[in-house]
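Have a look at this one.
Order as written gives the chain letters A, B, C and D; numbering starts at 1 within each chain.
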């Protein structure tokens, strides 16, 4: 097999004849001696890839450290606009999703197909919840001043609400928005001249992290599809779901560090 | 590759002198469900601890009027995060059970990170910088040209956005309303302890020489060697532009 | 120093290079011993050079010997030798370490000399911007003198330099005493390099870097300063003025005219230096004179002309109160417009000229200098004393500011 | 030499014994094109990389020639006699000749006239062209030529062969990385087509975030480099896993050829350093597009932070460039002097040592800009690099001792490498010493130094490796005489071009200057002439290779008598590399005890046997 040819994919070849589950039909690549060796190599390869991911974020962490060292008060000030309650909730959501991911791998290892699929979709949903919280409760109010009506952060600002939309579902707080990165910063009540820099770091770090969440969710969805269509994962072959899991845990890992660094400064 | 799957040719494992096959025995470890649950619980517990510690620090500062050193917050938070990360790595990411080479890879990656951070800090952390003493006015020039807003044709303000927007708001709503708004907005969470203090004036003006290193002489850029002192230039302290606009000075609480 | 700068092509100091290592320094350096640090640098460089030459010849000789002696000949077997020898390998690992350690130490030692200025140095500040240097003397004066390093230069006849005959600033510096310059950039990074001093330091927009030198004048074979007519300049005491010029180069890439961002440091006796800086001091001068000094010293003259000829930017001749076609419509060049154009040049761009006017801050051109510039422009304009120039009928009415 | 039947090879429908060379077309023209475009065969991907890299080398070389040509003549303003439309001298009212000012010496501006007539003859226009040319040269040569040159082309082709494997660990990823490389290159070329980039290949802020603010070319170029980073990461990752998991039976870590060791070290650097340039360039793009301010002083950012970010990648990447070259030399010298390499373990560990130390020394690019403590520490660490490098050079020269040295083209190049790289390495010493660096930094001395290392080291070795393995890759021999002529021409041209630049540097010629003070002109002219000779040398090689492909003699399987596994395969190798999985029973350089595979006295005599043996 020296040509990229999807038809030679042993899983794809036999979609209708689903009698034999995909994982049993799997044949390792022609250059491997055993399936185990291939699995081992894939895991090693994936760890190397994870190392590159960590070092990608390393740049952000170094930037964070230098800037916080230079402008400690800008960071304290900026951080005080983040609501630790949402941050904590998001941490819990990601930890739960990490658990469901690990459990789903375990299910596939034990050939519990249904359990595995349920856990996979749970992971996906947790990811979705994470993004929803991030975008609707964190980014949107800070950038535009629009809150969702049931945001617990809102009652405090009730006296400043100056607009509504969608029948009161969204409420606008006067002067709250404009906490954008760099030159787009237009929040008028900042205490520190370098606060835009804090927001730059905040949006870069959480934004790139959110991008990774999205990539991870895509991978999970793809695994789910293959699990449903081909029963692709089972005791002897679960490489892809395992590596997706590793990726997802890495996303969690990064967040474990981002959370205190961004939300718990004072 | 349409040939049927064949049993693994065991003969190769015998010829494999580096134990490459032996490593695969680690690969298929199945973690018990109990372990996973316990790890999750521990992780959630640590999350509670780290949030609690941060709240506790705030409480200490607010009620005992004692300002903890800055590193306390960082050290506590980072230690807990490291423990959590280790747990995730070992049990969720199966480093504990898989081929040790994977752990080595990850440790090397952390080593590279550590070197990166250490040497960058070593350089940037030991030299003076001109933090604009006048947080007020941004250094203009090729790197200035900050625009007031998102649009590409928005006017150039040559000012820190913070200052520009503050002044604009004051002009729009008046200083009383501004202070009123600010009072509410800068206490985003009830019970928030101390009021943040601006660092705009805390920067030390050092002459670009590592403080205390080799300073047979620490030449001050604006010392009175010459009759007029050094001419005003660059981002240096410029008395004429020290925060002059009275209403623009942030109201201290 | 580069020989173009002085009429005397072999300017060196009395103390020439001495020592075994000094053989061959002339291959690398045009001159020797402009100051202590330069001598030390050259010495270190030449020591490293000879160490390298020694190693290189040693290695290449062995290589060539092997290639010739053990060349492949049919039927002649390779003699073979062991492929491993711990003692030998240890030796050639450890021996270079000593050389390296020595070079590091020497490099560090001289580096500290270059870094730390003596406490009694003369303090000056340097501002770099695209693409010009400005040095401000202790009394607040800045040098307005510029020269063309080109064929039309009267000072240095026939040197093929200076694209577009762009004048470069001359900074007068006293000889034989330490001068300490505090450097800052207005825009991007630059690097202040005087090859004769063997030192360069980057110039940043957000932090000061420092540069110091003590250039020799007494022991050097300097030429005498001449004025534009070729006559010797004499001081009030009737003495001739010895001088030595050194080039300043920008060594950090900074854009289109990076290679034109030159300057000259002119080492003169202390008395002459003091007289010059006093001459350029704006205290006690009329606004017009101040404006002219600022025009010359802040780099305006690099692009703007005052005689009506076309430069890289609009001429100041008859500019004041004229109507300028800009990208914001026709504009009356009144005081406010001039002020705006200096502090915020991008606001209105005169048609037909590139947008490369640097931004000046109020720290560089304070109110007094600004008034001076406006007064100077007034003196150059025929509209100043009479009514404003008639508006171009085709152009829209001048904008209200 | 024993072999063992590969049972998997039999399973694969008996392809093993009678499958053809990997170059055999699979059918008609379009079938073949499709076959190559979708191949996951590491050999074909290696050849495709070779083609792409050579094309980019051609582009980068053109830019280099443009730079050299511009520097032939310093830009200067002269007074010339004005003429009227008919070409007669123009006289003024008093009958005197009217003079006019003219700018001469802007060669590029004459070749590429501006669209806007008014710009003709201005300083800015000529300089802009020059600045774009050197940026183009730097960016292409670094990101698109030298980094992928040996690893992605020769490495891809020969790592599996040398390990006795059928392919790299992740063949599809390998193909993907080629496509990523092409995509990144297209981005870069597009940025040239829409106007070019004038930032220098280092993209230093704040210049790079403000220049050409209204155009997208800088963003395109930066994104191109960002994308190329992925290609580099994937290649490195693939090689690490391949080396770990796909060695032939019997091949322990210290039975691997040294080329593999070098590639392994290279891959470690690629994997660990490249992501940092990824985030750096990403932040740079954000900075340019959104003014986020991390590197922008007017918003509180720090340009020096950018330099740290940039050099944390770009210094290790210098070793990504040179380590593979070390590997190639460690192959060529033993084979062509038919002698076991001296100090195998020392060279292997020196490769790893260089990889490790490479992460400690990036600050030496910033002595003129860095703080004093940082500079001192980085200077001390910098000298550490010299030790493993010197050890390697000593080992190579010791290998020559009492060997049987055949002056074939690859060997000639290897000896040239020793010469040039020694100069390059030794001139690193005054740059590593703080005091002298403050003079030499950003001068032509640096330019000369890194060209001696990067070009004299890597490109020369790339060409050496190409000559060494050409018979294996394409199954054809080439004309040794003309190849040697080409090699000598390159050698002469190279030294003429770059040795002169050491003197320019010490005398004070700064880098990236479009025009200069006239006493540098003599040396600049020599340098430019040298670059033309260099061009001639590479053209000779090009013709030798084309001639070889068209009319070359068929290559034997082992033309030089090498012992590493790739010489056991056919020339060119069959599609699955080996008919039987090889089993390693001897070391890669045991020339004293082993008869090379496919040995045939007609092809080459063994030194220790009479010429008429067999």
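Quick note on the criterion: contacts are C-beta pairs under 8 Å (C-beta built on N, C-alpha and C of every residue); 3 or more make two chains touch, one makes a residue touch a chain.
Please read all numbers here as calculations on a predicted model, not as lab measurements.
When chain centres are taken as C-alpha averages, the shortest distance to the whole-protein C-alpha average belongs to D. Computed from the mean C-alpha positions, the centre of chain C lies at a distance of 35 Å from the centre of chain D. For this pair, chain A with chain C, the centres built from the Cα atoms lie 52 Å apart.
Listed for chain B are residues 3, 9, 12, 20, 101, 108-109, 112, 116, 120, 124, 127, 129, 131, 139-147, 160-161, 209, 214, each touching two or more other chains.
Across the assembly, chain A contributes residues 1, 29-30, 33, 37, 40, 44, 48, 51-52, 54-55, 58, 62, 66, 70-71, 74, 183-184, 193-194, 196 that each touch 2 or more other chains.
Shared contact sites, meaning residues of chain C that touch two or more other chains, fall at 115, 187-188, 205-207, 209. Interfaces, counted as pairs of touching chains, are A-B, A-D, B-C, B-D, C-D. Note for the complex: chain C touches chain D at residues 2-4, 27-30, 40-41, 44-45, 48-49, 51-52, 55-56, 59-60, 62-63, 66-67, 70-81, 83-85, 88-89, 92-93, 96-97, 100-101, 103-104, 106-111, 113-115, 149-152, 159-166, 187-189, 191, 193, 195-196, 198-202, 204-207, 209, 247, 249-260, 312, 352, 354, 356. By the touch criterion stated above, chain D contacts chain A in their complex at residues 8, 12, 22, 35, 38-41, 44, 160, 165-167, 169-173, 175, 233, 237-238, 240-241, 244-246, 271-276, 278-280, 282-283, 286-287, 290-294, 296, 299-302, 305, 308-309, 575-576. Of all the residues in chain C, the ones that touch chain B in their complex are 112, 115-119, 121-125, 127, 129-130, 136-140, 142, 180, 182, 184-188, 205-210, 343-344, 346-347, 358-364, 366. Residues 1-5, 29-31, 33, 37, 40-42, 44-45, 48-49, 51-60, 62-63, 66-67, 70-71, 74, 181-184, 193-194, 196-197, 200-201, 203-204, 208 of chain A touch chain D in their complex. Against chain C, in their complex, chain D makes its touches with residues 74-79, 101, 103, 118, 122-124, 126-128, 131, 198-200, 204, 206-207, 210-211, 297-298, 301-304, 337-346, 368-369, 372, 375-376, 379-380, 383, 386-387, 390-391, 393-395, 397-407, 415, 418-419, 422-423, 426-427, 429-430, 432-439, 441-443, 502-503, 506-508, 510-519, 521, 589, 591-592, 605, 607-611.
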